[in-house]
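In structure tokens below, several structures.
Look at the two complexes coming up: subunit A is in both, with subunit B in one and subunit C in the other.
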Partner chain A sequence: MSLVMDAIKYLVYILVFPGFLFCFLSGLLLCGIDRKIVARMQKRVGPPVLQPFYDFFKLCGKETIVPAAASRTTFLLAPLVGLAALVVIQLFIPVFNFSAFSGVADIIVILYLLLIPALSIIMGGAASGSPYAGVGLSREMVTIISVELPLVLVLLAVGKVVGNAMGTGLCFSLTQIVAWQAEHGSLIATPSMIVAAIAMLMVIPGETGNHPFDAAEAETEICEGMLAEYSGAPLGVYKLSHAVKMLTMTSLFVALFLGGIGGGIDRMLLSWGLTGGAAGVIAVLIGIVVLFVLCAIITIISISLIHAATARLRIEQIFKYYWTVVTGLAVISLVLAWYGM
Partner chain B sequence: MFKKLIEESTGKSPWLFHINAGSCNGCDIELVAVLTPRFDAERLGFKLTGSPRHADIVVVTGPVTNQSLPRVLRAISQVPEPRCIVTMGSCPQSGNVFRGSYSVAGPLSKYVHVDVDVAGCACKPEAVIDGLALATQILAEKRRAMK
Partner chain C sequence: MSIFSYQHFPVYAIMVLFLGAFLIAAIGRKAPVRHCLAVLASGASLAFMIALIQPVMLGGEIIAYWMGNRVPAGGYAIGIALEVDALGLFFGLVVTLALFASVIYSIRYMAHDDNQEQYYILLLVLIGGVLGLILSGDMFNMYIMVEIMTISAVALTAFRHKVFGALEAAFKYMVVGGIGSTCILAGVIILYAQAHTLNFAQLAALIPGNLNTATKVAFALLFIGFSTKAFIVPFHPLAADAHGAAPASISLLISGVLTKSGVYGLIRLTYVLFQTMNLGTMQFWLVFIGSVSMFVCVTMALAQHDFKRLLAFHSISQIGYVLSAVGLCTAMGISSGLYHAMNHTLFKGLLFLAAGAVLHETGTTDLDKLGGLSKKMPHTTVLFLIGAASISGIPPFNGFASKWMVYQATYMKAVESGNIGFLLVTIIALVTSTLTLASFVKVTQSVFFGQLPKEYENVKEVPFGMRLAMGILALLCVLTGLFPGLVTTYLTEPATRAVFNAGGYINAMMGSGYAESVMGANAPAAQAVNFAEVGVWSPISWLCILMIALLAICIVALSSKYDRVSENQGAKVEGKYDLFFGGERSVYSQVGGDDLFWGFKHNWRHYFGFMHELHSGVVNDYALWAVVALALALLYAMIVL
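Presenting the complex of A and B:
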């Protein structure tokens, strides 16, 4: 009996929350907010906030053309692999006090899984047989290499700070990091973590492939690179993956640096005199709303503002920027963390 | 329900692909002007795409020269159904001042079905937005007519 209950529970986790349905709705909504904010910053009216939903459903209703030069199975399955990997990451990221899956080293799992969407887009692009995709995927690989180093250093610094405080050396469990913050306050209040948070804010647009780090998908230059040959539903899935990746990266930021809000929610519910199972459900519901608002704010800061203010960088400029400025910040935060600041 | 969502959305998210078939660049500049902050066609969901496979509406400018005709037809055939073809400016409709030239193969309607003609040399951005909005309605109707 309990096995059946567990199966149903995990099915709900995967399909509804924090899995597919949650990713779909909030990812596309974040994308819409981003487009609206960029438009307002350029003194435009901008598309409606629901525009990404319209785009997605329209693409579902379009004809899917498979190029003669493409390898059919890889071409059509690659987008689904990327989306599935992102949904799995979302299962590992705690929503304050609630986490669907947790492990001793889920940060490392997330780090590996974050590569899969980029690899899936490279796979799909290579399978399409288009020369634009060839240029795009070589740039995508360089972007991955540029972004991955500072991201790893930031995660290492966070792990060191929490590990020091708990006396275990290094802590790679996101659930423990969030739980520790719920007790002792958000990590962003520590000096080393302020530097790490700034580095992470710079990593987010590179990881999601947003402006100005979108040399791999430059639509005015190489026809969106690896997506050049995609049409219809597979293209829609790629657009959806891009939106979900924005949600994943911003909610990872919230979990790493702003997890202390979970403790605030708990204390608020206690002061209302709520305990037991009902309080847990309400805490999760409040957590979802707070998480989404925070994700939207971080999207605006790290993606929309930079998008509206800058022009696209060349690929070697992206590489140089990440391996000097952002990696430098990450190393500073790591050194500070090692000296216990 | 899913079918209805798709039908609703098709009229709200038209992506453009622009083909220059020997245009003097006047109409091309006006098309870009439509997407700038002053006229902001993005509020209606318009987006300029780089690849014909992403597009819903094909915008053709220029009198369709002999050299460009096979490329134009090939690019149009790469646009997935449902699609709309909009000609922009007087050139693709009638040939304009280039009519009768040895190097002009137009008008475009001799070769493919054209849904909307936007006249003018060069056409005003308001007229372009009007024509594109009309094309969007035709696009939604075409989607409804698909099975």
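Presenting the complex of A and C:
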């Protein structure tokens, strides 16, 4: 009986929250908010906030054309694998006090899992046989290399700070990082982590491929690169993946630096006199709302503002920017973390 | 002792290989006989190694085997000996497995070559040499085996001597490999002059307490000798030339087996023979060389436009991981290093065989000329992608499991020792991993995807035999990635214990109590080893979650309009199913090959220019590098030991 219950529980995790349905709704909503904010900053009216939903369903109704030169299976399967991988990453990122699968949430694992969605789009583009996809995937790969170094440094710094505080010297488990913050307050209060958080804010648009780091998709010069030959539902899935990746990166930021809020929620419920199972459910519900609001704020700061204010960088400028400015910040945070600050 | 006792298995495993070689020379004129003999010999050798897992890995026994039962008398070991501890068996398993895959692949791959008897003879002799080197218990036999191995590897490199550059590559290999072998011989001579014995175990008991100038020189000579066999920096250009020219089945062995023999030699030398690894300076030496190999070779690989040369540089880059991890001198480090060494043989073998399959069908490995083969060779493409994902460390394949352990090991070492330098190794390793991924994206795009050139329209899938060999390796890549717990429990952890058990190694050979009587209080006891990991990763549950998620998404996708795919049905709509070229003619728009990562290489142009000048391709330069490396090693050994 308990086995069946467990199976149902995990299925709900995967399909509803924090899995597929949650990713779908909040990812596209974040995307809509981003588009609206950018439009307002550029003195445009902008699309309705729900526009990404309309776009997605519209694309799903369109004809899917597979080019004669493409490898059919890879071409059609790649978007789905990318989306599935993103949903799985989302399952590993704890939502304050709630984590669906705590046993596998490790920051280095997450670092590598984040490569799979990017690889899926690269493989899909390569399989289409388009020369624009060739240019696009080359730029996408260089963007990945650019972002990887500062991201690695930030994650190692976080692992070191929490490890220092826990007395083990080192902590790679994301669940433990969040649990420690819930008890002792958010990491962003420490000096080294302020620098790390700034670096992470700069990493987010690069990782999601947003303006001005979207050389890989540059619509105006290489026709969206790897998506050049995509149409219909697969294109819709890629657009959805892009939206979910925004959610994933921002909620990773929340988990790494703002985990202390989970403790706040618990204490608040306790002061209201709520305990037991009901309190747990309410805490998770409040957590979801707070998480979404925070994700929206971080999206606005790290993606929308930069998008509205800057023009697209060339690929070698992206590389230079990440390996000098952002990596510099991340190194500072790592050195500070090393010396216990 | 019955002749079927497992005590005899080590010598049988070596013997069947040489015996197979002699039989092929005698009666192997006909192809089926030859193939049967090669498969039987390699399979038997592998079976003997597997049969030893039970007593050695699980039972913790160290097999000391004296030829002709000439056991040590009067405290001196004179006879020829084999000694198999878990470390030796681990490498023995890797070696014989690689040989088996190579033989299966060769049957179809070499079907159109001349002089096939010579090929199989050299192949079996080569691996016989490597296995002898790994299982040997005394230094002189080890040196002989090194020579057998090097000479047959040189001959096999130039086996297709009509291929452009093959003879040149073999010549380079012979010169620098010869320098390496000479270094080993000189080291052996000096040790013999000092300790009056050649037995490993006895040397391990006598040398560490009595280090003098001569033994330090011997250490440096042996170190450089084994480094040339492992092709680590600065000996890496040789590997690139040799791999580029050799048949793919030989590239598998050079990368998967010969480099491993060098790594084995380095581990045996530093951990057991001289027991120097507790020195911080020795750890620094190994980790430094490993990190430099890792990074230099991955960047060199990014600049290549030949499939096999690119793989060759990656091979050394991965050996850099192994060496860095082994140099940490922690249980986690050695365990992860050995794990990665095994994985490296599996995935790099798979990749070389895939490159061989491409060469077999198209006649070239030039990345600038190939393209679009995935439609013609779907199985090879899938197998190649498994190998590429493994080497790039994409979960849940085996490369990820071992690399992830390497990161943990280096970072833990940094935390434990308080030395921020080890942290740099973690970061270099992580960045190298991303660059590896980049260069395999380049290969995938340039060879298997993109546009199919006109001349390859009639390319077919490779024969079943070749796919079988690749399939075996691919399956092992997946299994060792999915069950890291089994690999560490049954293979790497016993081997790690053996590395830390120099005392047991000595006593098994020389009789119990020998180490204590010679070395007194300094006798190395078996150290307690702690395999605690800081991270959590369970590939199976992850894979289950991914599969359920993928299934759910597929069901949703298929039940909506995802499957409403319109296929090309005749030429109904003009141009509807053609690629969009934006007005260019398609022949001018192929993107791939060397220029794919312009954005990265532009920022590093000075570094790449410098590297390009350095790797002149002239053997004089490489010999000079070897001499300089030897001089530096001598100097370092004098100062720190």
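Assume the second predicted complex is superposed on the first by the 339 of 341 C-alpha atoms of A that agree within 3 Å, B and C clash if a C-alpha of one lies under 4 Å from a C-alpha of the other, contacts with A are read in each partner's own complex, and residues count from 1 in each chain.
Everything that follows uses one rule, which is that a residue touches a chain if its C-beta (ideal position, glycine included) is under 8 Å from a C-beta of that chain, and two chains touch if they have at least 3 such contacts.
What you are looking at is a predicted structure, and each value in this text was computed from that prediction instead of being measured.
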{"item": "Touched partner set for A:88, first subunit B, second subunit C, both or neither", "value": "second"}
{"item": "First, second, both or neither for A:65, with subunit B first and subunit C second", "value": "both"}
{"item": "Touching partner for A:134 - first (subunit B), second (subunit C), both, neither", "value": "second"}
{"item": "Contacts of A:54 with subunit B and subunit C, given as first, second, both or neither", "value": "first"}
{"item": "Partner chain in contact with A:235 - subunit B first, subunit C second, else both or neither", "value": "first"}
{"item": "Touch count on subunit A, higher of subunit B and subunit C", "value": "C"}
{"item": "Subunit B versus subunit C as contact partner of A:160, first or second or both or neither", "value": "second"}
{"item": "Touched partner set for A:223, first subunit B, second subunit C, both or neither", "value": "both"}
{"item": "Partner chain(s) touched by A:44 [first = subunit B, second = subunit C, both, neither]", "value": "first"}
{"item": "Touching both subunit B and subunit C, residues of subunit A", "value": "60-65, 132, 223, 228-229, 232"}
{"item": "Sites on subunit A touched by subunit B in the complex", "value": "35, 39, 42-48, 51, 53-58, 60-65, 132, 219-224, 227-232, 235"}
{"item": "Residue numbers on subunit A that touch subunit C, as the complex places them", "value": "10-11, 14-15, 19-20, 60-69, 71, 74, 76, 80-81, 83-85, 87-88, 91, 101, 103-109, 111-113, 115-116, 119, 122-123, 126-132, 134-135, 137-139, 141-142, 144-145, 148-149, 152-153, 156, 159-160, 163, 168-173, 215, 223, 228-229, 232-234, 237, 314-316, 318-320, 323, 334-335, 338"}
{"item": "Complex contact set, residues of subunit B against subunit A", "value": "2, 5-10, 12-13, 37, 40, 42-45, 48-51, 53-54, 56, 78, 80-82, 143, 146"}
{"item": "Partner subunit A, residues of subunit C touching it in the complex", "value": "372, 374-375, 378, 381, 393-395, 400, 404, 407-408, 411-412, 415-416, 420, 423, 426-427, 430-431, 434-435, 437-438, 441-442, 444-445, 448-452, 534-538, 541-542, 545-546, 548-550, 552-554, 557, 560-562, 564-568, 576-582, 584, 586, 589-592, 596-600, 602-603"}
